[in-house]
Amino acid sequence: MGSLSSLPGADTCDIVALAGVTKRFPGIVANDSIDLSIRPGEVHVLLGENGAGKSTLIGMLSGLLQPDEGRILVDGKVTQITSPRHALALGIGTVFQHMMLVPALSVAENLLLGGPWWQRPRIEALEARVAKITRSLGITVKLHARVSELSLGEQQQVEILRAMVRNSRLLILDESTSMLTPKGIDELGTLMRRLVKQGLAIVFITHKLKEAAAFGDRISVLKLGRKVGEIPPERFRALGEQEIISQIVDLMFGKQKDDPEAVERPIRKVSVEAAPLLQVTDLAAAPTDNAPGLSSISFDIRPGEILGIAGIDGNGQKQLAEALAGQRVTTGGSVRLEGTAIEMLSVGERRQRGLRYLTDDRLGEGTVGTFPVSINFFLKQVGAPPFWRNGFEQRAEIDKRAAQLVREYDVRTPSLKTPVARLSGGNIQKVLLARELAEGAKVVIFNKPTYGLDLANTLASRQRICATAARGLAVLLISTDLEELLSMCDRIAVIASGALVGTVENVDDARTRVGRLMIGLAA
Amino acid sequence: MTGLFSEVFLGALMFGAVTAAIPLLLAGLGEQMSEKAGVLNIGIEGMMLAGAYLGFVGAFYSGSLWLGFLTGAAGGVAVALIMALLCVRIGLNQIVIGIALTLGLEGLTALLHHFQFSRSYPRLPAANATVIPLLSDIPVIGPAFFKHHLIVYLALALVFGMRYLYRHTQLGLNLQAAGDKPAALDVAGIDVIKTRTIAVLTTGALAGLGGAYLANVGAGLFIPFISNGAGFLGIVLAMLARGRPVWVLFGALLFGVCLSLTTAMQVAGINIPTDVIQMLPFLAVMIMLVLFGRRASLPAALGIPYERGTR
Amino acid sequence: GEVKSIAILTPEEGTDYGWNQQGIDAARAAGKAAGVEVVVAQGLGYGDVRPTLRELASDGASLLIAHASGYNTSGPEIAKELKVPVAIVDTPSGLEKGLVADYTLSGHQGAYLAGRLAAKMSRSKSVGIVVSGEPPSWNSQSAAFAQGVKAENPEVKITYAVIGPAAYSDAAGGKRVTESVIASGADIIFGQGNGSSFGMLQAVETTKAADGGKVYFIDVIGDKTPIDKGFLLSSVVWNIEPVYAAMINDLKADTFGTKSYSIGLKDDSVKLLKTAAIPDKVWTEIQMLREEVISGKIPVEPVYDAAAVRALMTSVAQ
Amino acid sequence: MSIDTPSVNATAPDPTSAAAARRDILHRLLMTLGPILAALVIAGCILLAVGVDPLAYYGYVLEKGLFSPLGIQQTLTRMAPLLFLAAGLIVAFRAGMWNLGGDGQFLLGAVTAAASAPVFVQLMPAWLALICSFLIAAAVAMIWSLVPALLRGYQGVNEIITTLMMTFLGTSLANVLVKLVFRDPGTTVPQTRTLPVEDRLPRLFDTTITSGLLLGLAAIIIVHLVMTRTAFGLKLRIVGANPRAAIHAGLGVPGLTVAVFAISAGLAGLAGAVDIIGVQGNVRADWNPAYGLAVIPAVFLARMNGFAAIGFVFLLSVLSIGGESAARRLGVPNHFTLVLVSIVLIVLALAEYVDHRYNQSRKA
């Protein structure tokens, strides 16, 4: 073992440095001798495809996982981060990729978790402290609301706030922008800048290269568990946004086109005279404890058309999708598929008629995590031939078709038998896509189809969605990512508080008009 | 017949109801704590039996009821320790281990009783009551509620202690988080395993104490299978109470009162088979469930062992 | 026929100072007297004893004594299956020559005397009956006890309480219910229950009667004198040895299965336990009553049915 | 709350060598027998402590529970109701429903069979009578499960509470039925009329083994195949593993919930019926063998696999038949069998954990 100074990344001004850190999971090396230095005053952006090993790395920094090899240096000293508690004590605060709040507790109680057990929770002290922090961050947090009543975006803010309340010196944000609106993302960016100015170190994981270029100081790129490149701050400052992006793309994918996110909107012919495939009239649903209701939602989609639903997360998008799919009870209005009313049909019957719903909750409802990949392809066809005959499973048929879909949709899985929850989010998404686009689809509802996907997967998914429309299907695309909507839709409707506040043709000034609608102004 | 229902008799009936309710209360409070923290503790019947046996042994040989309660609680903790090791620390199936512990303690305590007491059947003297001045002079209510052994008042105080614990302390928050979303508790820097272990051991102590009360005060002796399903009733009470200690108290008293009602009806000469009367408390609860039974809010992670970093 | 060994099967361990212990002790005594080996299978529970019956038969037992009313379906079946003599209880109609004999044990005559005794001795003119379940043999004693009390003194109040449908090991229940019955005024408790009877005993020992004096306990079947602390007034003691001895003799004489066996006051196979708590004068009176019962001058009919017992109790409670 | 449902291999076993398969079977055998041996050693220490020779004890357990013709017959006969119960629990647990009310359903099925069979055999041919009794026993148990099923399916009321309550209620109700409704007027003992031995389920060949054993085996194997190979079984497993995914996939979750309870309870009812019609002949008041308490852990240890469950049920039967005999011969109270079963369950659970850990570290 060489001396410390000979190890790359073991710089004295690092808060945390990784030296040759390796982590293996059964069958895979998730992190392969990674060196990394994290410094105060810097936003260190971690980039990499789905499954590249970013979250694993974070797991080790936050005490959830222990490295198999290599070491972690904190303030220059080799430190074993044995538990999350230890990590917090070292000043490492993490906002995890998956929500880490207790839904049944209030925001305040969640922030208080972790105090000495015999104490009364010190709400008053917390209130004062939170007030100070939120003022300096420019966010508002409903301290006494239950977490289960907050939108995902609000929950993410609470998690960031938690890290701040804990006096973190190093703040780790794992895909924290995936749930935010463009405005929210900008705010988070400003916030990060403000924090690093105060001397914090930030590790920021994202799949969006523009965010990386806009908010970062230093960029590290992971690929298949290895670190394949780093852009240090000196270089970073010297380059413009486009140059940075093209460098990253070089690192991640080899040479490619300049701005991969600037997808050309494919030109599709939507025939104006064609009868709408999907007609929704005055759809309404009652609000529940933690979700807004729907009121008088009306729109129609013609064959080959993509209708976008824009809006800030938590404004009824999910309720709309569920109401259309039949998973949510409606209190009025009609839904017509090819002219036939389907609002009284069950989920299964609607699917049978060609209405497909790709959920945004992949693990929660989209898949059965413990079941093999192969079965998850056919969850919505259980009992249907040729995969089941007379009620009996035809394993050969299932496997044959599953293997075909795995190839066709490029699902990266160790085997067909692998429990689907073991796949990375992007690959789970491909399974869902394959399932929903199977034979007989006429209208497809996509709910946040690229949420959390890496660049390549995002592009592939978008292409599939466009191809879907091009085949003459009607597509309803729900997304919080305005760029995505602008790049794909024919028309964009804006939802707010469970009602459509306006619909805009996706032509030149659509961006401004949608933006105005989203912040409550007339288009 | 009016003569039958003298003050003394009614007082004794209510006194009996409270006495019968205390073991259920302690078992229910204990189970509630485990469940809050995400552990379904089916071994509670075994913990009660361990508490009953050791509690009796302690009280009998030392001559001190208090020492008996102490050894009883320790017995419960000893069984809980096995449960905590197997189910919390290494994550074995809680139902398998719970049932196994119950079966094992049934057998073990019966075995020990056989070798130790099955010829002499020792019995303890009456537990001396702590008479609360003034209050105990109220007719019927006085003898029913204010002439019990001190441990009864402590058990009642415990209900409010638990309530305070759950509502107003950090530990209460931790327990709830351990049951609802253990990963969130873990990343907040609290050891989930330790939190759950504390909960399970507390359950053991309470169940053991309940068993000791059952043997030492309820019966004044130990015989095999003395708990007679009280642990399982405790599980039912804890689940019905939905995390609220005061509801456990109400439930335990309901069962105690129903038992006394059985006696009262018989003494009054009402000719109803005991099987039918026996069904009353369950029937009452079932009807309540049918009428008002909305989604029972059990902790989301109940029964699921926690292991850091898995999903 | 030849009798080499007999086996007795009991549902609980033979250390209960009651049904199981009396059965096992009697079988041992009868076997010893006849020079026959005795195999004891105890603590078998109330489930299926066919496996044990078969095994004991295959081990060569000449007689299987199925000493529980729960065994009276399986007993005759195994007797027929394996051609081994089996003795069962509570089934007088089940006799089969050479195979099945019945011994219906009822201490009702003794319980009647116990009732007379209780009525004489009760200071408060109020007595209680506490049972942990309602099997036929207990029912007949409860009923006879009540009849005895009323025959002695119609003014004496009787309180009847069942702890629970099958609360045989509910000692705490036994204590609780007994305390309630004492609170209702009773100063003598006639108690029947396996494990729970120790709870009744404990209640009697730790609770004072309304007049501040002692409460007394009347036990059944066994003799709890060895563990008494001075509260045992009497017991309706069953001695089953003559029954088993007669069975062995009948087996030898090839007359097994031709008659039912029973116990009663006449041959002292049912008798009232004399304790120091019973004044000699009272005891003499009881002994005279015993003669009248034996002679049939006082008829005591057994009542086995639980509903009938409860109806009787309701009528005498008024 | 979720039950750790093992995923069923969807792909055909790869055509690796038969040697691997043999090694796997050997491994499984080792992982079952090893822990049992360890459990016997632990229990042996307790025996030593009370002054009993453990070797003699286990010798009797094996001889009287397994290796003597009489013993093995008794063991196999004891298995019949346990297999039905295990089958019912497999359905429920795989579908994520904690049916802890098996004992109540069992008793009501038993009482129904005991009440109906003696009547039916006088009205129709014996085989038809028995089938009818089986059917109505299953039906009554199903109806009994309707309350928890509907509450869970349509109101979301947790079924652990309701099934536990219903089992307390069911036990009492069974007693009331025996004592007040179906009581045999011909005896002082409160019990139902007795089905004559010759009208009961036939015995196998020349043995005392009840043919209920075959029915039980058939039930559990059918259940296993249905749960792992059919669309219906998959639907139930989806509901069990992720109810939200089931709703999303368009499955009628409330209906399936009711179906699960009906099947599970029906099988528990059949367990009662097969015990009565095959072996007992009648139901006595206060009779409650409480088989459920031992079968539940067995089903979990078997990871809800039908074939493994057969193995564990067999083990339980050997222990209970042989243990009783050994205890008697050596003067240990019969309660020791409970201790032995408990230790075996715990050590088996531990062994499974160790095995799982070992496999994981090997793959890493």
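As written, the chains take the letters A, B, C and D, and residue 1 is the first residue of each chain.
FYI, contacts are C-beta pairs under 8 Å (C-beta built on N, C-alpha and C of every residue); 3 or more make two chains touch, one makes a residue touch a chain.
Here's who's who by UniProt: A = ABC transporter ATP-binding protein; B, D = ABC transporter permease.
These figures come from a predicted structure and were not determined experimentally.
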A-D against B-D, pair bridged by the larger set of C-beta contacts: B-D
Intercentroid distance (Cα basis), subunit D paired with subunit A, Å: 46
Length of the line joining the C-alpha centres of subunit A and subunit C, rounded to whole Å: 76
Averaged-CA centre spacing for the pair subunit D and subunit B, given as whole angstrom: 29
Gap in Å, rounded to a whole number, between the CA centres of subunit B and subunit A: 47
Set of subunit D residues in contact with two or more other chains: 172, 175, 179-180, 333, 335
Overlap residues in subunit C, where contacts from two or more other chains coincide: 13, 165, 306-307
Subunit A: positions in contact with at least two other chains: 369
Pairs of chains in contact (touch as defined earlier), listed by label: A-B, A-D, B-C, B-D, C-D
Sites on subunit B touched by subunit C in the complex: 4, 6, 8-9, 11-13, 15-16, 19-20, 23, 114, 118-121, 123-126, 214-215, 218-226, 228, 259-260, 262-264, 266-271, 273-275, 278
Residue numbers on subunit D that touch subunit B, as the complex places them: 1-4, 46, 50, 147, 151, 155-158, 160-162, 164-166, 168-169, 172-173, 175-176, 179-180, 293-294, 296-297, 300-301, 332-333, 335-343, 345-346, 349-350, 353
Subunit B - residues contacting subunit A, complex: 168-171, 173-174, 176-177, 180-181, 183-191, 297, 300, 308-309, 311
Subunit D residues within the subunit C interface of the complex: 64, 70-71, 74, 77-78, 172, 175, 179-180, 186-191, 194, 197, 208, 279-282, 284, 286-289, 321, 324-325, 327-328, 333-335
In the complex with subunit D, residue positions of subunit B that touch it: 40, 86, 90-93, 95-97, 99-108, 110-111, 114-115, 224, 229, 232, 235-236, 239-240, 273, 275-276, 278-279, 282-283, 285-286, 289-290, 293-296, 298, 300-304
